[in-house]
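Presented below are the structures under discussion, each in the form of structure tokens.
Here chain A shows up in two complexes: once beside chain B, once beside chain C.
After this line comes the complex of A and B, so read on.
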């Protein structure tokens, strides 16, 4: 079985691309995007902005492929960035300086949301990984995703979820190692991963 | 301060204290439940609201069991604060 990228979402400061098509949302204000999806998920409002971006991006991806995927299918999540949730951590550090630390600042931050809220929201029960890497590494993603397929997994949600200063750099994609197809079909290769990242 | 003014102030303080990104005061209904549905707050947020009462209104909850009723909505919270201030 040849694995295929069946849906992807690229998020940068200047916009959102879903499967080669731009979405009409401004990444500086996520309320419109959330309302546009017509979902009710109160925990969304508790997330830091970066987690909200990933939540919305995954929501878009999942809407595209959900009808085709068996709900019992095990979906592995493989995420990475270079600094975890340092931006929110720094905000929490500032509350320490005011002698009133805010627990709500660090509870709903990036890795927790990746591994927890997404699973709860979508009822995914597969394996979960969050790596800290110096930069987007297509070879690492390719090899690690294939490891999941070698042990019998059929689907993987993969993401490079980076923020450097105010610069957003997110790439989220679903890979199928089954006969299930999606709105797009891109060969799961290192070359194609690098192409997607340069969009 | 009138009840309406207090409710508006509380909404602003809750948004700031709980770091509710993308939420505005108009998104919070006076009578809507703060926990579970509505804003979907949880136990961590309850702690934040207790800290808010202490730091902004100098109110210390002696009996945590009172919290469920007091923190039901912004309206109930405002009523509790006004009663406390006039007692």
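After this line comes the complex of A and C, so read on.
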């Protein structure tokens, strides 16, 4: 079985691309994007901006493939960035300075909370990893995803999820190592991963 | 396939060595006391040694070090040197941690704001979580690989599990694994803001429990493969025979109310160890003292042990919740329990939780025959880890 990227979402300041098509959302207004999805998920409004971003991106790419995937399927999550959740850390520290520490920000000062939010939303209980890497590293992603397939996993949600200051740089993609297909089919290779990242 | 624990080092509010920690556990003396950190005073578990004392003891150069590194150094050095024979020349180091060198960042930042002193880059450079492992590797010999795990309160246990996996897969014959965390304003005020910080000493598993107290500390275990242990002849303190990590997929910070992920973690670790639940003679529970954790953990215990729950306790009533270090310190306490054939007390307990009616051991208990012990560590994000150790 060769593995295929069957759905992806690229998020940058100048726009969102879902499976080669631009989406009509402005990343400066996540609320508008959320409303465009026409879902009812009140927890969304409690999340920090970082979790909201990843949540929306995953929602988009997952909607494209969900019907084809068995509800019980184990989905591995492999995420990375180079600055953890520094944006929220700094937000929390500002509230500390004012001597009014924000509980809602404190909760999100760990990147595994963002992954926890995804697990809760989709009831994913498979393997999950969040790595701190110097920069986007297609070789690392490629090898790590294949390790998951070697131990018998069929699906992986992989992401480079970076938010520093106002700068957004997110690439989320879903890989199938099974007969399940999606709206797109890109060979899972290092070259293709680098191409996706440069979109 | 066995993973042997042959070395151990612990630093906590109970003291800076294996012997000091053991003595206080036996005496039932808590290390929790009222302390002042920056502008707030509350009950915490402070290691009874200043940064200066540690710098002096290790003859370190005259620069500022993060407290996380210094506490980690005490424990890692003890673990590394507690074995007499020469270790394999290729060792790995895994550190579980949450705050990194944040204590130093906070102090530097305060000085910067107050005195407009120039920011000291050398200090800020110690901020990232991964820096502690790098600094430890520079100080300790033969470390050829380092990794850092930060999964909130299960970090220390996950570091041990990761090291055991690397030995199991034959990647390394010897691993130094553990956890460390220092106290910071960031975490103390954060937990206070979540209304999870008890103003008094925590009362794990008590009906009147009202939250946790934070603590600082570190523990490291020296893990060896069978091949390595045969070559070194190091004394086997205990074996790591089962481990599992699961995800709740329930809530960002609260555990699943029925303890679903905790149940799966304990069950899977027992299965890997190849033992029935009744073989467990002592459980070192996660037992933070928060309303949510203790109730859901109790339910999970009832689930896994079918209402025949073995003697259990939360030693966080001695050390406070040491976050990234907790899983490692408690694994070390489990090794001590096996070695001493004793189960540690759960302090400050008076009345069982109405719903679950579980009573932890409230005073030191001599065990008849303690063969297997279980240690639980559950973290924010619904991350649950259970470790099974045996004699």
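The rule is short, and it goes like this: the second predicted complex is superposed on the first by the 193 of 199 C-alpha atoms of A that agree within 3 Å, B and C clash if a C-alpha of one lies under 4 Å from a C-alpha of the other, contacts with A are read in each partner's own complex, and residues count from 1 in each chain.
What we mean here is this: a residue touches a chain if its C-beta (ideal position, glycine included) is under 8 Å from a C-beta of that chain, and two chains touch if they have at least 3 such contacts.
Only a predicted model underlies this, so the values are computations on that prediction, with no experimental measurement involved.
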So, on chain A, is it clash or fit between chain B and chain C? fit
Per-residue contact with chain A, leading partner among chain C and chain B: C
Can A:45 be said to touch chain B (first), chain C (second), both, or neither? first
Please indicate which partner A:29 is in contact with in the superposed arrangement: first for chain B, second for chain C, both, or neither. first
When the two structures are overlaid on chain A, which partner does A:132 contact: first (chain B), second (chain C), both, or neither? second
Touch test for A:90: chain B only (first), chain C only (second), both, or neither? neither
According to the stated criteria, A:123 is in contact with first (chain B), second (chain C), both, or neither; which is it? second
One more residue to check, A:199. First (chain B), second (chain C), both or neither? neither
Just chain B (first), just chain C (second), both, or neither: which does A:102 touch? both
Minimal inter-chain CA distance - chain C and chain B, angstrom: 5
Check chain A for residues that touch chain B in one structure and chain C in the other, and list them. 102-103, 107
Report the residues of chain A in contact with chain B in the complex, numbered from low to high. 29-31, 34, 41-43, 45-49, 52, 100, 102-105, 107
Touching chain A in the complex, chain B uses residues 17-23, 37-42, 44-45, 47-48, 51, 55
Per the touch rule above, chain C residues touching chain A in the complex are 98, 128-130, 150-152, 185-186, 189-195, 246-253, 261, 379-383
In the complex, go through chain A and note every residue touching chain C. 92-93, 96, 101-103, 106-110, 112-113, 115-117, 119-120, 122-126, 128, 132
